[in-house]
Amino acid sequence: MSIPLVPQLLRSHLVELAENDQRLDGRRQWDGREVQLEIGILGNAEGSAKVRMGDTIVYAGVKFQTMTPYSDRPNQGGLMCSAELRPVAGRKHEPGPPSPESIELGRVVDRGIRESGCIDTEALCIIPGEKAWQVILDLYAISDDGNLFDAFALAGIAALRNAVIPFAKYELGDDRPLDVSKTPIMCSYHRVGGRYVYDASGREELGGDERIHITLGADAHVHSLQKGLKGTFTAGEFAELMEQARIKGDELRDLVHSLEGGN
Amino acid sequence: MSIPLVPQLLRSHLVELAENDQRLDGRRQWDGREVQLEIGILGNAEGSAKVRMGDTIVYAGVKFQTMTPYSDRPNQGGLMCSAELRPVAGRKHEPGPPSPESIELGRVVDRGIRESGCIDTEALCIIPGEKAWQVILDLYAISDDGNLFDAFALAGIAALRNAVIPFAKYELGDDRPLDVSKTPIMCSYHRVGGRYVYDASGREELGGDERIHITLGADAHVHSLQKGLKGTFTAGEFAELMEQARIKGDELRDLVHSLEGGN
Amino acid sequence: MSIPLVPQLLRSHLVELAENDQRLDGRRQWDGREVQLEIGILGNAEGSAKVRMGDTIVYAGVKFQTMTPYSDRPNQGGLMCSAELRPVAGRKHEPGPPSPESIELGRVVDRGIRESGCIDTEALCIIPGEKAWQVILDLYAISDDGNLFDAFALAGIAALRNAVIPFAKYELGDDRPLDVSKTPIMCSYHRVGGRYVYDASGREELGGDERIHITLGADAHVHSLQKGLKGTFTAGEFAELMEQARIKGDELRDLVHSLEGGN
Amino acid sequence: MGYGDVQMIDENGIRVDGRKAGDVRPISIELGVVPVADGSCRMTWGTNEVIVAVYGPMEAHPRKIQRQDRAVLDVRYNMAPFSTSDRIRPGFNRRSREISKVTSDALESVVLLELYPRSKIRVEIEIICAEAGTRCVGLTAASVALADAGIPMTDLVVSVASGKINGVVVCDLNKAEDNYGEADLPMGVLPNSGELAFLQMDGDLSQEEFQEAWDYNMEAAIVIGDYCAEALKNGGYNL
Amino acid sequence: MGYGDVQMIDENGIRVDGRKAGDVRPISIELGVVPVADGSCRMTWGTNEVIVAVYGPMEAHPRKIQRQDRAVLDVRYNMAPFSTSDRIRPGFNRRSREISKVTSDALESVVLLELYPRSKIRVEIEIICAEAGTRCVGLTAASVALADAGIPMTDLVVSVASGKINGVVVCDLNKAEDNYGEADLPMGVLPNSGELAFLQMDGDLSQEEFQEAWDYNMEAAIVIGDYCAEALKNGGYNL
Amino acid sequence: MGYGDVQMIDENGIRVDGRKAGDVRPISIELGVVPVADGSCRMTWGTNEVIVAVYGPMEAHPRKIQRQDRAVLDVRYNMAPFSTSDRIRPGFNRRSREISKVTSDALESVVLLELYPRSKIRVEIEIICAEAGTRCVGLTAASVALADAGIPMTDLVVSVASGKINGVVVCDLNKAEDNYGEADLPMGVLPNSGELAFLQMDGDLSQEEFQEAWDYNMEAAIVIGDYCAEALKNGGYNL
């Protein structure tokens, strides 16, 4: 795993750009790429969404299974969130067992949704102690040009909010929409050229340093945080990111809601 | 994994031989090696067979277990076919997880038997929804000098037709022979020196191209086909192989039946 | 995996020392290092011990789970012994799947305890055919300076004799001590510099040859033996080891008992 | 296979989805759907949806996988967990490994690998939505994606499966027909030469039935091959 | 998270273990506890017990993992099977892999890896007894063990987690508080610079609550950093 | 071990299969049974049936497993799934790994590995039918197969297990005796030198019982060693 020379040149270039408040693709520091969000697009999933942010493309699919509740929580169903970073998504994604990076990716996205409490696991109970619904959210990257975290998180919550529990298929009654009470939104920031930027592209990630992921709910309630990669940051830097995440989070939450009929 | 020079020389030699309608070991195009088939030779198996084709030697052993039927097929037992290509069988068979080649081998042999419908899985039911027999056919190569496909398929069907269900061991009554209603026979053809030959040896496989496996039942009913390895073939070539498989299949089916008392 | 030159020099040095009846750290042939044994030292384990022999340090922890008895032994619980050789324990212990060496280590220690019959698995039954206790003994090396076998065996039996079955936690009544009827002791001998020594250090193991493990109970009953590594030995050599194991075993058994109140 | 008592074809030879025996389901093809890939293709076929990305030719590493005289073709067929009625657990299984291998064998028969010694070409076939015949859709889409990536090939490989249902031989089984059918014959045809690079079959076919299924596949492959050629010329194909 | 009906703090703001909202559990530090290691540390924190061993710098092999311009840091966080109330099956799981990664990321931020090109430093974090906050104890103890091994660093990383319980923000959650708490904010602070090298958070905190938890962590990190410094000077620290 | 209430020996000291205490089960040896191997051996021992193939010496690869001063011995002990009363799931388990290791350790003690630096010798032991004592049969057959392959050795290793049943020490336990026995002492003896290269033991033996079992093994090993020598001279051995 020799280090290519390119990243060093790239890093220098990114520093220069940052000094002039520029980015590789012409964006400003807090600008995101254009976001396309589609819902209900997967034929065999019970909830689905597709997100395109620039050349990053991901799918999210929701499936339901019945499970026996855990003995210490007889009234609760479950939520499982699985993120796969398959080699289809880019030249650098070689096949093999999940890397530490992809494990972190899946767990951070999972926590952003789970810890917001947007899904009431008690409402998933069918027969206490015997049968409950398990919600399985599968995140699937097709094209990785950076910031999979936010793309996965956005597709994930949109797919869940779009999901219908297949009561009829299991002969348990009529199908019912899954109740999702919140819309947590993740915003991710990378240190690129010495300063933080929002929604880093693949090349910015390659030449960047540490990243910070902030998942907020309504009223800027904090649901999940994660700092990744080598690097340190100050309290002042973090305060600015939190403020930016508040603004951007509200914007993306509105986008999600705008696709939902009367929600 | 450097490519030895030998295969190129070997390939040239095989082309020369083919031009004169000859083969490395003196056989003609459609000749098979001598086949020795023994049945009932494994002390702890409930059905067994040993096949020797030239220097290729394989065992097949049948064991029975009880299983809970799948909920969508409460009246059916199961058939499992597992082919192991252990390093004992040759210098090239290194230890490790199953290679794509050995997975293909197992699945092709399995389908040839399973898809013929020779075993009525409903007849394996003991108590509907509760208990059924699972037939496990294990194929085991001891010496690989080419054409394991046909050796496995022959040993497999012979072992199944020789198997006795151990009702007594499970305290379910008296032992009974497993009912096997058909005798599917696989015949495999390799392109060697530009033309197809039957029952390729290890060296012919090493210097050959694509292969075609044809599994036929009585009246030349087709039960399973598979084309493997790089290479293409014409409709005319395939028609000739089908005709050859019909002849050879009847011959080997007679061999299997000849060992069975009054079958 | 090149062979360092050091071991060859080390081997020569060890031969010289042996000729003068000396060892690297000044011990004589049958001397062990100082043994420190502590029990009941792990907050979340139901039985525990820590052993220090020179710079070799290990922990043993006992946990209990309930299990369904095997159908052919409806009146029996189970004992599971697991030895982990994690990379914390030394520079040479690289992460990865368990090596043949560590599998042998775990199985030999397990057999020394299990085969002595010191734990009556029928006494672990709670409801015949339905529920029984499974005793899980986990052995954990923190620092490996040789002779993990004896350190694990000593910590293991001490932790078991110190264990309390958590009936209350499982709402099955009051907690009760685990009944351990014997105190099997393992003594291990390495051929170093041509002769056998007791309790080899890490450097003696590095420059040594085969090893012999002897587990004895009271009255010098033999419960388990194992010869490991390349090398042969004579009947005469073995007889002397057996005699030495008898002496040392009694000494260590007294140490274990001395920590137990009124046992 | 073999639940023969469900009626899947009516007295006029019309199938459950309205097709006649020799009809193929509707097909669409879109190129360039994976922007970061060197070539890519999205193919819908009935309600099947498959995405293929091609990466390479690039340096093959580790070096031990390099071949001195040709490129290595690394093909993976994978079903997304949400692609089927019951969720599929992620991870390679024996079925997907076998399909990956036979697909690779078929593609090796047409790709001019000897032009790129020591290099590697990765072909990633992702089944997003499955409705019978995914191995055929995957193989066909893969040959289109390879062409989209500019990899030189002697021909496309166009794949389709005919089968038998209620004793009648029909072309291009759909999901319901596949579940209740008695035989399945997937083939991979080179539309220009008419040769075969892929062949499997399961079930029970008499020699006559076999020939009928074979002929359906051959005819369908020519038609689908034309769709592919059009897509490669125009950047896409839509009925 | 979120069993809010259990009362964990009394009317005087006293917690179940007698602490006030901003108090940290008792801490002890012992160096050199793994005699065969190049540096090591045993840290108890409440009833948590963690052992860290450091090996290296040593040659990195196989060669493909070597970096030309710096050392590779190989960090493993692992829970002993007997460290928790219910036994843990041995073997790496996704949780321990993620904690290993974020711990490694934090330590890379302070270790002068560029001084040791082509080499490897192994950091082995073993949780012997777990009682909430083990990732914080592990990270803090790892930075002490690296210092004990003489590895040059720009600063220590001191880690502690505040959280929310019964709607009240408190410092350094214990096991009971963690089980019934509503949020958990672990941070890793460089005591000299005041910068952060580690940050995670789960649950629900308003912006005001978040700031309160942040401040608790910052104050506690300074105090614990002093304990670590004392331990490194005197070979150990005990309240 | 330890179902002591089943009567396995009658009042005249005759065992369930008719043997006296010191008798070994019938043995046959056949060479060259794996035509593609460099050496091979089929050994039946009671109803045990074991096949051993030897490949090499050949180049050891990958290179990192090479030893500069000797050959690497790669020994695998494996039970066929149909070799026992209850089917065994394929794949290496901890038992077979341990037996592979101790068998390898024993064979390394007699094979002149230093004659073949940088090379590898593979020994594949396959248990086709198991009836107690398979590790002994496998080790003995492996040393015969190595000799059949022309690999230079200082001696054979002949292995046999005595044990205790109903309180009586007997030689070469069969399946029933092994199931109900109270102890098992497998040994591997060099018939020419009388030294031991393999030793295991499980159960409970007094010092006197231990000596008796040891002596039975030593006597049996000489006899079986003669069978092996005859097989190597004549290409096979049959009582």
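Which chain is which? They are A, B, C, D, E and F, in the order written, and residues in each are numbered from 1.
FYI, a contact is a pair of C-beta atoms (placed from the backbone, for glycine too) under 8 Å apart; a residue touches a chain by one contact, two chains touch by 3 or more.
Quick caveat, the model's predicted, so the values are computed rather than measured.
Peer 1: If you check the contacts of chain B and chain D, which chains show up for both?
Peer 2: Of all the chains present, none is in contact with both chain B and chain D.
Peer 1: Mind listing the chains that sit against chain B and also against chain C?
Peer 2: In this structure, the chains that contact chain C and also chain B are F.
Peer 1: On a CA-centroid basis, which chain has its centre farthest from chain A's?
Peer 2: Following the centroid criterion, the farthest chain would be F.
Peer 1: Most remote chain relative to chain D, going by C-alpha centroids?
Peer 2: C
Peer 1: Please report how many Å separate the Cα centroid of chain A from that of chain E, as a whole number.
Peer 2: Their C-alpha centroids are separated by 27 Å.
Peer 1: Need the CA-centroid distance for the pair chain C / chain D, whole Å please.
Peer 2: 58
Peer 1: Measuring centre to centre with CA averages, how many angstrom lie between chain E and chain F?
Peer 2: Roughly 52 Å separates the two chain centres.
Peer 1: Where in chain A do residues touch two or more of the other chains?
Peer 2: Nothing qualifies.
Peer 1: Give the residues of chain F that touch two or more other chains, as numbers and ranges in rising order.
Peer 2: 64 - these are the residues of chain F that touch more than one other chain.
Peer 1: Treating touching as the only link between chains, describe the layout with one word: line, ring, star, complete or other.
Peer 2: Graph shape, chains as nodes and touching pairs as edges: a ring.
Peer 1: How would you write out the ring, from chain A onward through chain D?
Peer 2: Sequence of chains in the ring starting at chain A, next chain D: A, D, B, F, C, E.
Peer 1: Applying the document's contact rule, which stretches of chain E touch chain C when the two form their complex?
Peer 2: For chain E paired with chain C, touching residues are 33-37, 47, 49, 51, 53, 55, 58, 76, 78, 80-87, 90, 122, 124, 126, 128-131.
Peer 1: Can you check the complex and tell me which residues of chain B touch chain D?
Peer 2: Interface residues on the chain B side: 1-3, 100-101, 103-104, 106-107, 111, 115-117, 210, 212, 217, 219-235, 238, 242.
Peer 1: Residues of chain C touching chain E in their complex?
Peer 2: It comes out as residues 42-45, 48, 55, 57, 59, 61-63, 65, 82, 84, 86-91, 95, 136, 138, 140, 142-145, 202.
Peer 1: Which bits of chain E are touching chain A when the two form their complex?
Peer 2: It comes out as residues 1-2, 64-65, 67-69, 94-95, 97-98, 100-102, 105, 108-110, 183, 185, 190, 193-207, 210, 214, 218.
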